[in-house]
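What follows is a set of notes on a single structure, which appears directly below.
Each chain carries a letter (A, B, C, D and E) given by its place in the written order, and its residues are counted from 1.
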Amino acid sequence: MIEVRDLQVRYAGRLVAGVPELDVGAGECVAIVGESGSGKSTTLLSLLGLTENADISGHVRVCGVDVLTASPRRLREIRGARAALVMQSPQSALSPATRLGVLMRRALRLHGVGSGKDGRLDEIMAESVAAVMLDRAILRRYPHEISGGQAQRFAIALAIALGAEVILADEPTSALDVTVQAEVVGVLRRLREERDLALLLVSHDLALVSTIADRVLVMKDGEVVESGPAARVLTEPSHPYTRELLEALP
Amino acid sequence: MTSPQETTAEVPLRRLLPRVPDRFAALGAVLIVLIVLAAIMAPWLAPYPDEPRPLEGSLPPGAAHWFGTDQLGRDVLTRILYGARTSLSIAVSVLAVSALAGVTLGVVAGYAGGWVRDAIMRVTDVFLAFPALLLSLALAVVLPPSVTTVILAIAVTWWPWYTRLAASVAASIATRPYVDAARCLGVPAPLIVWRHVLPNSLTPVLVQMSLDAGGVILTAAALSYLGLGAQEPTAEWGLMVQQGQTLFTTNWWIGTFPGLAILVTAFAFNMLGEGLRNALDPRARKVT
Amino acid sequence: MTMLRAERVTLGYAGRAVVHDVSLDITAGGVGLIGESGSGKTTLARAFLGLLTPISGNIWYGDQILKKADMRKFRKDVQPVFQAEALDPRMRVGASVAEALAVRGSRTARARVPELLEQVGLDPGLATSRPHQLSGGQRQRVVIARALAAGPRLLILDEPTSALDVTVQARILDLIASLDTERLLITHNLAVVERLCRTSHVLFAGRVVESGPTRDLLANPAHPYTLALRDAVPKLGGPPPQARGVTEAVPAGTGCPFRFRCPLAAPECERPPALREVRGRQVACHRAEDVLATGPGSAP
Amino acid sequence: GGQVRGAGGTPQPADGTGPAARQTAKANDSTFVYAPNLDVVTDWDPATSYSNEIVALSNIYEGLTRYNFQTREAEPRLATEWTSADGGKEWTFKLRQGVKFHSGATMDAAAAKKAIERTIRKKGGAAYIWDPVDRIEAVDATTLKFTLKRAAPLDLVASSGYAAYIYDVDAVDADGKTTAGTGPYTIDSWQKGKETELTLKAFEDYWGGWTPEQYRKVSFRVTPEITTAWQLLQKGEVNFVQRLNPQLFEQAGMTDNVRTARSPSFQNLLVLFNTAAGPTKDVRIRQALQLAIDYDGLAAALKGSGSKASGMVPEGLLGHVSDMEPKPDLGRAQELLAEAGYGPDNPELRLSLTYAQGDEDQKMLVTLLSSALKKLNITLQAKPMTWSAQWDQGKQQGQDIFVMYWYPDYPDAYSWFLNVFKSEDEPRFNLSYLKDREIDAAIEKLPELMATDALKADDAFKDLQKKIIEEQAAVAVPYVQTYQRALTADVKGYVDNPAYPNVVFFYDLQRAR
Amino acid sequence: MLRYLARRLGQALLVVAGVVVLTFTVMRLVPGDPAVAFAGPKATPEELDAARERFGLDDPLPVQLVAYVRDLVTGDWGVSLHTRQPVRDDLYLAFPASLELVGAALLIAVVVGIPIGVLAARYKTKFPDFGVRFGSMLAVSVPVFWLALALQLLLAGRLDWFPVAGEYDSSLDTTSPLTLWTNITVVDALITGNWPILTSTLHHLVLPALVVAAYPTGVIAQMTRATLIEESGQDHARLERALGFGETSILTKFALRPALSPVLALIALVFAYSIVNGFLVEAIFNWPGLGSYAAEAIRSRDTPAIAGVTLLVALVYVLANLVVDVLQGFLDPRARTR
């Protein structure tokens, strides 16, 4: 679903993210770990063409679309509908003055999902909310009226409703409490198994990553220093930096 | 996790200025420098002394008098140059007085919180309820019209804005961990306000001041225009527009050039202020 | 004798209580405060620092009520270590440290700055930098240096490392562990508490729901929230963390505040549970015994 | 419930079948629009009215006489003829017959007596003009006899624009719904605060009768800004602008559909020097100040909105002197100052001056004077003030120079002397604080002379002016205001009468086609 | 929400009380005897005493203040010294015209300012943004009295597109008299279907309203732009982008509503400001509003009238702020729980 070759993202000439190779297939979960400023988010955003004034080179295919050369229109078509984003801060990622249901409905209309009869639309919305274990009453709420875990689960529900095949998650739980984090991670894991979703997860929490990811990329100062199956990277790190990361864990 | 972000309130202006990417701010600054220079150099730049020559009458713009002369035969350009002194000194005095009073009160209100803040803010609200021009009008009626009156009158209506601004900034500064830390060290409250709260509250105030300078000049001009401000024979732009007003159809230059002078100066300050604000924080605004 | 003690304090902002009726001693050997985000940990810490006056109840400083105590002495004894944001962005870091010295009337304030910086493992040459020129870890060290300038007996540390990268975190924690002061440590990181604090208190919705020896408490929680917390922490290579119950927002009301999320909730949970002694621990749960029974299954 | 705007007006159907449309083609059915610069009516009571509303009330109410500024005499109005006896202490007026009040009542001697007595009783406005009156008798229906306490030119008093109206005392309406006069117009609608504040309509039973060319409808459209008024005039939206500035006046003179009229007024500017205290107590300094005023420059700057004055009494009044034009002479001024110990080589002299806030012409005087005085090492501290503040200060002798306009309430030069220059223990209008027994005595003799011997009176006036202006140098009179009016060219018959400032007697106008 | 409203109302009342006291103080500080202003330039001492008596000017100040407050509450706002009418009646006549003018101006400001603010935010740092910023700065910098003169001369005088002055063609008073309900001409003409007056008033309204609208249009455009740019830089805009929404629909569908909340607060402010700014414009266009009334009151030192105008404008300000606070609750759901 995601295919990256020789991706280089620069801000004002400075290389902030360089990824030689990254592939995520359906039903797979790949994690990018690394410290603050190492270019994790930048990598993720560039996959959807969401970086602002960055120079990007290389080759990126997401859901069969060449992101770097696609027209803005084409790009907008895959955003959300095929590749969905879940962000770090739950509440601030939702427009404060828009009811959740309205947001979802607008997004569905935008991509022509469930168009035609209204009943179908409502059905899709209800199903997607149920899939992340939320009550459908939540659709009538405003973002500030729900908890952080609910907000994150709603963001995932959006992806489901739109029929996304890929979920890109940028530190989706770092603003959450561990108890709540466990829940969101649980939902992600379930969806991956049940729906064959491809999952690209950005995190700085090695322990968390180890529990969910198939493969791991370790980034430092804008470069991938190590990558491979999670089990291997986290047990037999080859790069000293990865080792340091692991040692820092309690 | 992301590193703690510096909030714009605390970006020192000094650190920001050299890399202000805003063309408006730059252009505004250049214009202001020119105007200030013109004001300082007025006696040398002015082509004529600021004296009436009534028998010559009012001459249209020409080679001898670029901006023409007024009813009393005074050179309009000369008076605009001298008027720059009046307008700028009004703006500077008003802003200095009101920022001093406003920020002092505001910082105290913001830091102290509780009833102190409530009391100060209610008083501020009362003054805010009077639109600047109206209270200035009332005051200008009380005091004999003069430049000093204008300065006082406008300052009286202007300080609450700074109190509000400073109070809201200071209130947020007061909850910063570094203020808590200072309190825990046992630094006395006045010293905390002076050393930590005040300097960190100043940037938005300074931006607001440059935004306001234009407004002050306009208000002062409006007061003079209503006959409540500067008085003949002081050269003041609002007064000059007012004098030229009835001659707009016949001797257009008498009122038009001073009007343009007001426009350009207010515009320059607005450009600087808006540019700075834009560079600093798109949301920092007059209304709080 | 404990230096600081909270006695049935209720704390809040603008008249709205966020910490309810909490009693807590800061005992020797390090005290940990853990709990959900927004449960009132920072609020409690601020009260211990004298930055927040309790709505009711008292903070005792030795045998005096803090409000009436000698603040000069108190300020010398008790110092906070907040996050790195605790530095005035305009001040050179050396000046920040010197301020702490100057307040104590030290005339040679400037001269002692390098010494302090070295003590926390910083190059004294950094004294002339401004906070934004330093890395997060360096800033945190400055904060600690400044706290030490007062020569405190007790440090109150509120998530001192949570803004830092994991590799840096470890080094700062080492520094903190090496200081010979008492400490109250607030953190989300259970492993850190375990390492640095002999006793711990678990806060939920503004109430202490469980307290006791840290090791014991984490090994075998007596409160369902402690249990959930422990089990939700992912472990390297371990099984996926378990979500116990649902994490809906907590509605206000009487009764056990955790009952909506509690997998063991029973009718009696509609009554507010009192703190009681269960196997050497204070727990506020009607079903503490049942929890203890399920707990060890997933011991660390 | 709603009320109809213009209530009291005469709404007419818009389809053109109303009475207006049925008029003969020749008849003047247009409305004469007057553009005053201030609100028109502040007081509807003809007894107490003392303000802007004179422009309306003079067309609604009439007095016994009206002043003719060309002959310098009073002319018949409600009185057809009059005589005086007993050295000006007894006056008998014969009243016009067949005059009706707007209320329908008949105007006769009894009604006139009641009206004047009511005015005197109310003591408002200019009621003091009747002060000399001791007794009024309605001898018969058409004969009104006044007995005075002291001699006074009662025919002039009766021509006053204020407080001399004859009205139906039972019909006075302070709310302006109805009027109680005998004049050619009566009220149509009054909407306080609106742009078109007041409209008047013809009083059909007016004793003078009506011809088709006359204006039967008049309205007042308040226009504070001169430029706006000028533009409205050019578009024909208003017919009369009461005041234009010199530049616009000049332009108006060259504009096709606009006519201009200029006439000297009875209002002149007095620059009063403090004779009682301060540096100006020294007569030499006062004389120097008189000489420092740039009279010609001022006149040039005024460009016709004022003209150089000669003496204190304006042209058109008994007592005017034609050869007293002041001449500036800075050299002589410097000599005088040197004698008094001031001037360029001596210590600086600081003088305070107060003048009317918002008056452009006075402002020009101040500007010119201060720049001239600067050369004489005199610093003029000029303060513009509202009248009440200026007057308050003046009454306490708080300034060295007091600038103000003076005009008589009825066309009589006596007003200047009695009010401004007669000794007062507590100054009211004697703001030069002049106290001179000789002058007082001369002033006291004036009324009798005026009532009996105009020639002698003229001499006495001349003498007094010489004393006050030249000898005492208590005052400088830089200029007399000139009215500069502009009208649309289709208006015929307009004559300005300075005795009634800003008043247009609409009845005298016709529309040309 | 109710408690919040009650608190706001209480605050507003406190402010009003302060305003009353301040007004009173300022007015009593006026040098020069108000009685003189009332009785006229040549009044006799007896007349002056009568006037003083009538206005209670001989009482001690606190007594006067109490009397003043009592009178205000009972609806007696004093008698104007220059119109000699009750001030309340004068204001009742003058205020609707000001409201009409300022209302029209604010309508223009909102209808123009918000869209161009959106435009600028949409094309941030591109030409439209540059143009909007430049234009809006010009609009807030131009002296309003000067603009009024210039536009009047150009558009009414030279080009003859609009009437020079006035509220409507007053000859219509006879041909199609207007029944008054609200005293606001446009509104009344609309209610009663009086088309001639309606069109005439609208035609007369354009120029002065444009002049008064200059400042609010500028600040509203600036504020809209700034808040929109801020909103569109927030996290939620990134999510919306990731959902496939285009920039324009992000601005108009998601960012605009929360962004309008500060714009609304601004409108309350410029509302009061524009009424006063209108003072400078009304005289030039013969607009029969508060401005003409206030200008005359100031010229004649008409204490009760000045106090009346001041109080009225302050009340309007306080009221406008209250209304805005309530409206903000609708625009921004977060505000409701404050």
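In this text, a residue touches a chain if its C-beta (ideal position, glycine included) is under 8 Å from a C-beta of that chain, and two chains touch if they have at least 3 such contacts.
If you want to know which protein each chain is, UniProt gives these names: A, C = ABC transporter ATP-binding protein; B, E = ABC transporter permease.
Because the structure is predicted, anything quoted here is derived from the model rather than measured.
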By the touch rule set out at the top, what is the minimum number of steps from chain D to chain E (ABC transporter permease)? 1
From chain B (ABC transporter permease), how many touching-chain steps at minimum until you land on chain D? 1
Look at all chain centres (mean of CA atoms) and spot the one farthest from the centre of chain A. D
Selected pair, greater C-beta contact count between B-C and B-E: B-E
Roughly how far is chain A from chain E (ABC transporter permease), centre to centre by C-alpha average, rounded to an integer in Å? 51
With centres defined as the mean C-alpha position, give me the chain A-chain C separation in Å. 32
Intercentroid distance (Cα basis), chain D paired with chain C, Å: 88
What positions in chain A touch 2 or more of the other chains? 36, 204
Interface hub residues of chain E (ABC transporter permease), defined as touching at least two other chains: 31, 149, 153, 157, 295, 301
Sites on chain B (ABC transporter permease) at which at least two other chains make contact: 1, 3, 141, 245, 248-249
Listed in rising order, chain D residues that touch chain E (ABC transporter permease) in their complex are 2-6, 9-14, 31, 38-39, 42-43, 50-51, 123-126, 128, 189, 191-196, 219, 221-225, 227-228, 231-232, 234-235, 237, 358, 385-392, 409, 429
Chain E (ABC transporter permease) to chain B (ABC transporter permease) touching residues, read off their complex: 11, 14-16, 18-19, 22-23, 26-27, 29-31, 133-134, 137-138, 140-146, 149-150, 153, 157, 219, 222-223, 225-227, 229-230, 233, 262, 265-266, 269, 272-273, 275-277, 279-280, 294-295, 298, 301, 306, 309-310, 313-314, 317-318
Spell out the part of chain A that touches chain E (ABC transporter permease) in their complex, as residue ranges. 48, 50, 76-81, 84-85, 87, 89, 92-98, 103, 106-107, 110-111, 142, 144-145, 155, 158, 162, 168
In their shared complex, at which residues does chain E (ABC transporter permease) touch chain A? 234-246, 249, 253-255, 257-258, 331-334, 337
For a test of understanding, state which residues of chain B (ABC transporter permease) touch chain C in their complex under the given definition. 1, 3-4, 6, 10-12, 176-178, 180-187, 195-196, 199-200
